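Have a look at this one before I ask anything.
To keep things simple, chains are lettered A, B, C, D and E as they appear, and every chain counts its residues starting from 1.
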Amino acid sequence: EDTLKKVKDSGAITLGVRESSGVLSYTLGGAKYVGYHVAICEKAVEDIEKAVGRKLKVNYQPVTSQNRIPLVQNGTVDLECGSTTNNATRQKDVAFANTTFVEEVRMAVKTSSGIKSIADLQGKTVATTTGTTSVQTLRKNKRAENMEFKEVFGKDHSDSFLLVDSGRADVFVMDGSLLAGLIARSKNPADFKIVGEVLSVEPIAIMMRKDDEALLKLVNATIAGMVKSGEINALYDKWFMQPTPPTGAKVGLPMSDTLKDTLKHPNNKPMEDYAKK
Amino acid sequence: MIDIKNISKWYGSFQVLTDCTTNVKKGEVVVVCGPSGSGKSTLIKTVNALEPFQKGDIVVDGISIADPKTDLPKLRSRVGMVFQHFELFPHLSVTENLTLAQIKVLKRNPDEAKKRGLKMLERVGLIAHKDKFPGQLSGGQQQRVAIARALSMDPIVMLFDEPTSALDPEMVGEVLDVMVQLANEGMTMMCVTHEMGFARKVSHRVIFMDQGKICEDCKKEDFFGDPSARSPRARDFLSKILQH
Amino acid sequence: MATWDWQVFCKNTLDGEVIPRCFGSGGDITYLDWMISAWGWTLSVALLALLVALLVGSLVGILRTLPDKRLVFLGNAWTEIFRNVPLLVQVFLWYHVIPSLFTSLRSVPSFVLVVFALGFFTSARIAEQVKAGIQSLPRGQSYAGLAMGLTLGQTYRHVLLPMAFRIVIPPLTSESMNIIKNSSVAFAVSIAELTMFAMQAQEETSRGVEVYLAVTALYFISAFAINRIMLVVEERLRVPGMAGGK
Amino acid sequence: MLNLDFSFLNWDVVSGFVLKGLVFSVQLTLIAMVGGIVLGTLLALMRLSGKKWLVVPAAFYVNTLRSIPLVMVILWFFLLIPLLIGRPMGAELSAIITFTVFEAAYYSEIMRAGIQSVPKGQVYAGYAVGMTYSQSMQLIVLPQAFRNMLPVLMTQTIILFQDTSLVYAIGAYDLLKGFEVAGKNFNRPVETYLVAAVVYFVICFSLSMLVRRLQKKIAIIR
Amino acid sequence: MIDIKNISKWYGSFQVLTDCTTNVKKGEVVVVCGPSGSGKSTLIKTVNALEPFQKGDIVVDGISIADPKTDLPKLRSRVGMVFQHFELFPHLSVTENLTLAQIKVLKRNPDEAKKRGLKMLERVGLIAHKDKFPGQLSGGQQQRVAIARALSMDPIVMLFDEPTSALDPEMVGEVLDVMVQLANEGMTMMCVTHEMGFARKVSHRVIFMDQGKICEDCKKEDFFGDPSARSPRARDFLSKILQH
């Protein structure tokens, strides 16, 4: 699979983006897609243009958790710039660039609830979103901690958040950045907070077709360049610390130590390797 | 037995019956005829309150239909009615058709109802078909079952709305035979029909309707007597219907 | 598609290890176990909702044929409201919006909620068919019932409805098959039915094709079974002497 | 209790998020309706032809598609068509093809009932004046079947319009998705769903009113 | 003109027509009668190949129907047919009903077709209704339009299948009048009908069918003459149909 050649011949490249993946990748309406990961991909596209020696038309293809892998495999999407967790099973089907973000799965609770950690969950109702790895994480933790709590599954993240907001659930277990984004945009951000230990750590990376060494190398080089120039820190600051469109809400999630470490030592290790640490 | 007093009826702004007055005495056979759309069916349906009317009153066996306190289902159960398209209940066997209302309305016990029903079925000559369904019978047979169904309720009067006009010509006879027999036994009957032979043979009076009005209401002998004594509309109608 | 990997169904849902007999034991469950229980949820939601839909739909359908104008209006309003808003939106409103207006509804289990939401949605369509079925009967039939002294209620019960229901069995079959398929909205309110299983299992195992194929097959089997059952019902209820088929 | 805040729903948001979805939903509905009715009519004619080699495939097509949830069909087409034609296809195009093919199965059942509702005598009358099979179908039977079935066809189209929301499965962007995305990105799901319910109701209800009006106009006078 | 030679027809294992042979000469009017289900409609429909048959042959104006090379649509366009239930095309206006087949089948140009159609409409006395739809006409009027439709194709022979049996009695006359006029003008006609008055007045021959067989096929004078010369079935049928 030679994506560079394909891109050169067609004069266009397709980025897979998400409608609503926190500040990693989301839409402003119309055909406008923005976010931390989208920005990194756009940077990579600039480098690809240099490599193939022509201007490229950039298409944005919204993807969902269900279709992103098939879309990458069948060639609809060249670079997936959503919020895909790099794990071992997926590595059998697709390739991942070096990790550019590290999700820490945590819990969002109502400030008034008094819940501080996993240990407080006995007898509570825990919400998470269908079709995410958090469901599995939760299942494993439940088994490990030998606890009894009720699980409810939202159709999507805003549904799950609504479950907590309306009192149907006590906590929402999900990727920290998504939780932070949801809280920031809610009507009363002060009513919610993110608490508890990190339930699992998930490396998030740009996804592309397998066995395309040239493209993988190019994208990794782009990332390395951004780390080196400090551009990546600026990007992080822009999306996670400053007001973001469309509402101007501030996510307010400082860079985690794991991410700092990962950027310092670029790698595309799957999630399983993080868990072992 | 039936006293129709100045009935008027409208569908929206369209007047279907205009000030109709007539009566049927006990034991009398009255034939109603007239062109299509003249209101014959509507008139006969008002007699057992299947069609409401806006003005006038009908008194059946001493009970006023217009009176809101009248128990209409009970009144209807005492008036037998036979329809142009038979209207047997297709999902019920012949026997069930005959017993349903006896059991549900007259509260007869099923055995009694069945006995009565089968007796009537025998009378119309169809006892052999008691376990069939209506769809398995010919039109003439269905209409005879319908008559038996009405009779099994022991009606004090029978209403017929063109009972033979949906039948194949060769089946008309078998139904008319049953009706003639009924008339001869002294049943009070009001029949909408175009069968002038039947009217000639058994009726006592003939009513001719046109455009919602009763134009003629006279003895059979007069109706079929001197044509010049009839209204032009009735003459025209009779000539058309007897022409071929 | 790369290669098939049907072993995914034998994997433990906790650690992803393949369990030899494909069925988990001692609290461990495999994806196969999970899928079978999901199928059970799908069928429970669908069949209970079908029950609600048939009851409510028949009632509303009957209302719409009655002489009383107010009842007809009520029936029409019900039908229009429930059939003109997408099911998913209705489910969301039942789950999230209505309980915040009537707090007592908050304790209603989501299973019950989705059964009613799906039931009401389908009832609008069934009402439409029941009404059409009743109206397709000759007017003379109700005249005949009334003329024998049956009350309006008895006429409906013994004369009109038995035939009307026979007439509408074919469209009811379609609706019953639809309800199986539409039951997939239950995932939106946290019922672990087939669609939720499919979304979750493909996320966890990355074997989307196998998972979707299996789930599609189960939906197909369920809908097909309903179809066969309804054909048997239709056959059983067929009136001798009436035209077959339609 | 319900603390609603519709302030975020300004024209920019509507035009940015919702309008695009509306356009696609309408586009998809119209194309799938026309294509589905045409294809469905062909399938219905096949099933009524009495020729086994036409009846069996048509019946298989219709029964299979009617037994599978639309969302699964959407997914399968999206995954399989690229394998068949050897190149990827956009979600929109894939959705349009899928809906046309899928709705054809439903429209075909409606048209079949419609064709059967035309008395056999009409076909005889067509033949008797010297028409061929295709002439009597085109000039006599189908126009009547279509008019008789117009209300049912339109009800199915309203269902189709609502079902366009299932294209979420392949990432296409329809009306409901427009509302959902706006709801998510502003974290106002309750408000957006309420507005969505109203918008859908208004569209579908006016559509059914329109159909009733139209029906009075073109219904066959009996 | 029409030569029916040993026709047999089965529906599955049920034989509807058994070895039927008869003919209709140019200018002849033949009436077919018989009890319901005896195969009259089936027989008349085989004449313009609307019903296929398994044995025998029919030759219409020198063209064999059984011959697979025969252009059936073309043959049918030369044979006019009138049905019991009129079968006007309800979605087309009266004028369109009259012109459709002329334009599509005979390839006449629309003006010419309209001229011809309206002429025929005038002939049946309905020119005033040319822009109405069939549903806006009475049964008798519809049937007259149906006759005009068949005539506007300039048929060499007309087939009628119980043209008056779905009509209200007062409308029967107007349709029979048109048919009598046609017969008097020398049109070749084959009519299934129970109108014995019509048969008496204009037919040349009467065919009586029972259970798929032609039982009687004789001159009108003979058929209505001495009853004792008729078969018992025919006698029984005639007595039933003329009884009331």
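Rule of thumb we're sticking to: a contact is a pair of C-beta atoms (placed from the backbone, for glycine too) under 8 Å apart; a residue touches a chain by one contact, two chains touch by 3 or more.
Going by UniProt, the chains are B, E = Putative polar amino acid transport system ATP-binding protein; D = Glutamate/aspartate import permease protein GltK.
Since the model is a prediction, treat every value here as computed from it, not as a measurement.
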Farthest chain relative to chain C (centres taken as mean CA coordinates): E
Chain at the geometric heart of the assembly (C-alpha centres): D
Which chain has its C-alpha centroid farthest away from the centroid of chain D? B
Between chain B and chain E, what is the gap in Å from one C-alpha centre to the other? 35
What is the distance in Å between the mean C-alpha positions of chain C and chain E? 52
Distance from the mean Cα position of chain C to that of chain B, given in whole angstrom: 47
Residue numbers in chain C touching two or more further chains are 92, 96, 100
Multi-chain contact sites of chain A, meaning residues that touch two or more partners: 66, 70, 159, 162
Contacting chain pairs - touch in the sense defined above: A-C, A-D, B-C, B-E, C-D, D-E
Note: in the complex, chain C contacts chain A through residues 2, 13-14, 16, 27, 92, 96, 99-100, 106, 110, 187-190, 192, 196, 199-200, 202-206, 208
Which residues, counting only chain D, touch chain A once they are in their complex? 3, 5, 8, 12-13, 15-17, 20, 75, 78-79, 82-83, 87-91, 168-171, 173, 177, 180-187, 189-190
Mind listing the chain D positions that touch chain E in their complex? 119, 121-122, 124-125, 127-132, 135, 139-140, 143-144, 147, 220-222
Note: in the complex, chain D contacts chain C through residues 1-2, 63-64, 66-72, 75-76, 79, 83, 109, 113, 116, 155, 158, 162-163, 165, 176, 189-190, 193-194, 196-197, 200-201, 204-205, 208
Using the touch definition from the top, list the residues of chain B that touch chain C in their complex. 45, 48, 50, 73-79, 81, 83-85, 87-91, 100-101, 104-106, 132-137, 149-150, 153
